[in-house]
């Protein structure tokens, strides 16, 4: 069996989730190739060597250019901070590597387009890690839509609610710094909702939105003061991203969409929720109960219609077969296992993975139109 | 249009609920007769005259024998304390009145049988107020069972949970005194579950159970010390009913049943809940969400099976037509309106109402078998 | 005890709900006056005389000017079609009557302002029937906010979802005709959400929105063809109101708001739902489970925090005392009983009821700004 | 760092779950030793060698006595069929190995006692795999009980509902054969509920129960006909275990318990649910939503009391720290990772793991008393 070797850049939250996925995928899924966790890459040698051992990689690199120079590496996985994605992906493509990149693809649309151009010019495979598509219940929703169970779509309604920065004493981490993160809840959370809307409903014609930064200054962390020293005064620094983002959308197919992403919704931890209303029925998903899908079928007998709570944990459901018996639920990390399964099988079979950089660009185009509409105060066309 | 005149005995909680039902039923439902709220009856004239006005009765009586002697009264409704039911019902039957009696029919099976004998000998119509049968969602469950949607029944699982006497300082009200109430949670709550089991599943062959009185003494209320003075010491008196009752049941059709009734389940207010599992599907009901019925259909397509939450608030659902639009829910009191509707239409059309004293006796037979099994420590046959 | 006499115009859905409220309020609540259901008024004598009897009114009128001329009438209640509200309310005020008007107050802001001017000039009491404020769980939410349990508000999120016109064969009823209804989901449903936002969060500075009519033509009802004959072709007529309305809002206090109202959400029957996120916690309400309120308290011990499902059915909760024991839920119609209770006690005590025409105007101002923003494509200031 | 080497017997469902746990535990948790997956053992060499590779073991054995003879093995993990547990565990103990055994410990109490005697005589460490104790939400329940949040317990209410054999065409797998499985739902599912009751409430004094086999014959699988050929007629064989088991329990502390386990509850997949009602509050858990715990606190302010849905997915919750951010749920397999973590750290620190064979015997004693009560028709004391 052939081998595909991965080199991964980054070792924080996403690095941990991706590493787990590489380790687990061949334990549960039948892959057409041997998957090799060749190298992890990070600038701090102490940290990256510890992560190498903890996460189960063969070796490590401290300079991503050296990673790219290695002939044994087939796939480069980018899990570093958002503002580093573009250059790394372009360099990886130029080095002839397949590229797997965390979302959001970039911190702006122009960069995202350059990334797409680079991978297409290089003729390599590419994928963006919109892992929620690979939730069994979400994949089931997609299947049900394709089966015509919803029909013409009237409404898309997405909220992605978290609450981890409601406390004003929560510090100024990198995700709250615009130059590193690009945006706040918008690029971090709404990006997922936008991708799901593309996946399940289709193109968005135009948007109008609003953003808010509720807490404008936060304590500067000692470890991050380096880059922030110029503007840190009395131990506080400015929050330069949005805490919350809302926008309305007009889909190309006539559906009405609403999007909301916030880190200021006490009680909601990872409430990535969407609802679709169509002529034949409705679908509701909420990631905090990610093993379930709500489904209403207008064609059920009139007196026994009702929202069903489908436990998407059975062999008939997408991705579930290799796991556990019905009702024995899976978790967050499994969405990455499924995503990596899709990545590896596509590359092994010489197909383009999905979602890929084109989807990443499309998502970025919506993010950017929404951000632009906040400035212009009016509807903005999405420049796909 | 002919007239049916009601005389009601009792004016407490149930008197209030029944009065409301009589007032409302002809406002919303088309009755084949004119319904007349002729007289309310109670021993304390000040109280009963106030209730008469508050509840909307034409007049009042202070002696139920005088009520029975009135030729204008067609139906006698008994809402007084449990230990008074038997004599009143027998007297009413002998006076040639149709009898509508609150549950439990009596405080023991022998009394219940005497009551049934009396109404049958007198040839009058009779009904027992198992009002939960007249919940739209419960009537829908019945309809669905008759449609074959559940098929052969494997399991009946009923809990009726309340929490109003968890506090040890809650006083020794009449419902906690065996000589007045007959029993505690058993006759008050399990009685409803038993009737629903009869309604939806069928006869019970035998039972084995347990009961518990968790708090054995409670403060004696000043107003009730009269009847309790002999045994009230230091302001406390003994609780002489069960706080909780549990039993297993073997249904005649082979199904396995469990019943639990308690007033010691913090957080549950009126959690009258049952579940039925059958070869084709399952049904779950909970009175705290009485407008909803959960339904699982094994015959749905495999990948979209799930418990449905049916909102039984539409015109296609039992009893709903005369009320409000879909999703505009109804409440507890409406179950009495529906019950009274069934009572009045049956009498007007010379049919026996349902559930009637036969159902009351059947319920009492199960209550008594369960109580007996607590003493004997073994399974007891139900002596229907 | 003094008497207050009501004359009500209209006898359809709202006439039925209001009549029930007048009948029931003095049965359950202690009023400081005697409430008299003096007369119901409608143009069709056969219909209004039948309604008079069915709903329990003393008499009826077929011309509302005659109702206004009656010296025995203290309060005029307007439940007729939206486009009739303004003239009737102004005439009633000029006749010196207190005015109770269904929502939306008018079909446009100018009319609403004229109505407010009329009642204020006449010095009469006035109220608008935003009945959802009088849901116990909603009143509890208000109380909790006043207790500081939410603190600074970050988010208001309201959806009001129904599904009764998803079927294209559903006919062109008056609610789908712009000249009678004024608007569709916007004035019918969003109006309630806006009022609740005013009640619970505060003033809205500006809005931007979108509307959609998904099904543009519907079968003309025989009974309505009169007024539509000019444009009815081949049995179909144009839908001239919105099927769905969405808008973003900037609250004066800095909170971010989203609103959505639609009649095209299969499975949702009367899903009038809002969520508030604040610095200390969150509140969620959904009318389909109107007896419940969800509450998250950030100040609970860290390891036992979670959304609570409060059953607002206990004596400690607003409006519940006169009804039933805990867990014995109430329904839609009770919100009108509570509203009428507030109306009658305020007038009896010479206080201005709440919500009143000022609230009606405020709601209309937001409705109009949102509608204007659909045309202008940009944010519109609310002209309170 | 020292090393602990595991040899595991069995490679089916539980072998897969345990293997995953060994692989994952050192990736996420800090262990005080190096954990080595030394050997997997099974009789069929083709199968066990494939499992060895798939599950990530160093090597394999085809005879468990050879596994026990290996000096490099410290811990023997038994995941084979129930009827094999006893001899293997006794042999392992006699070989001086620590023993980790799947539940139920044995197929009867006498065997379980012999197993306990063997491990105690050998002075080895032992553990039984009641993995549900290691669910974060369940461990949180335990913590809350120890904090006094429930107080005196009134009720324990457990149901464990599945539906995988409702179809009569489902074949006669080993779990439906008494001589291999020992019992059906009783030992498979009720065993878990009993262990949780011991963990959270305490000793059970006596029980009375009922069992049922709803479908008495099933198709014999070709692969199992060998052992069943004598009694297979026309391709069907008798089901010799219970399909459902119910029993009442009297706890030593005065609490009332109910238990129900069934494989005949359509719509419930792995509904391992318990509820505890105590003087200060209640707790509800359901494995299908295993990341959540319901909690009602009677000491909350009266008007804001309600069942909380705690998402036990935060750093403050048991076992969660090493995993993912709040709201990013974990799944079934993680309970095994936590159990193995408890096993390894206890052995490394020379402590007895918990739950151990004493807990296994205690569980078996309750199972046996319940089974005996079905025969005797009366209450049976638990012979701990």
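Read from first to last, the chains carry the letters A, B, C and D; within each, the first residue is number 1.
One rule holds for everything that comes next: a contact is a pair of C-beta atoms (placed from the backbone, for glycine too) under 8 Å apart; a residue touches a chain by one contact, two chains touch by 3 or more.
Being a predicted model, the structure only gives us computed values, none of them experimental.
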item: Required minimum of steps from chain B to chain C, each step between chains that touch; value: 1
item: Chain at maximum distance from chain C, centres defined as averaged CA atoms; value: D
item: Whole-Å gap separating chain A and chain B, where each centre is the average of the chain's CA atoms; value: 55
item: Intercentroid distance (Cα basis), chain C paired with chain A, Å; value: 41
item: Intercentroid distance (Cα basis), chain D paired with chain A, Å; value: 36
item: Contacts with two or more other chains, residues of chain C listed in rising order; value: 268, 305-307, 311, 314
item: Contact set on chain C toward chain D in their complex; value: 140, 143-144, 149, 292-293, 295, 297, 300, 302-311, 314, 316-317
item: Contacting residues of chain D [partner chain A, same complex]; value: 13, 17, 20, 23, 27, 54-56, 162, 164, 268-271, 287-291, 311, 313-314, 323-334
item: For the chain A and chain C complex, residues of the former touching the latter; value: 154-155, 157, 159, 161, 163, 166, 208-210, 212, 214, 243-244, 246-248, 250, 254, 256, 258, 260, 262, 264-268, 275, 277-282, 296, 298, 305-307, 377-379
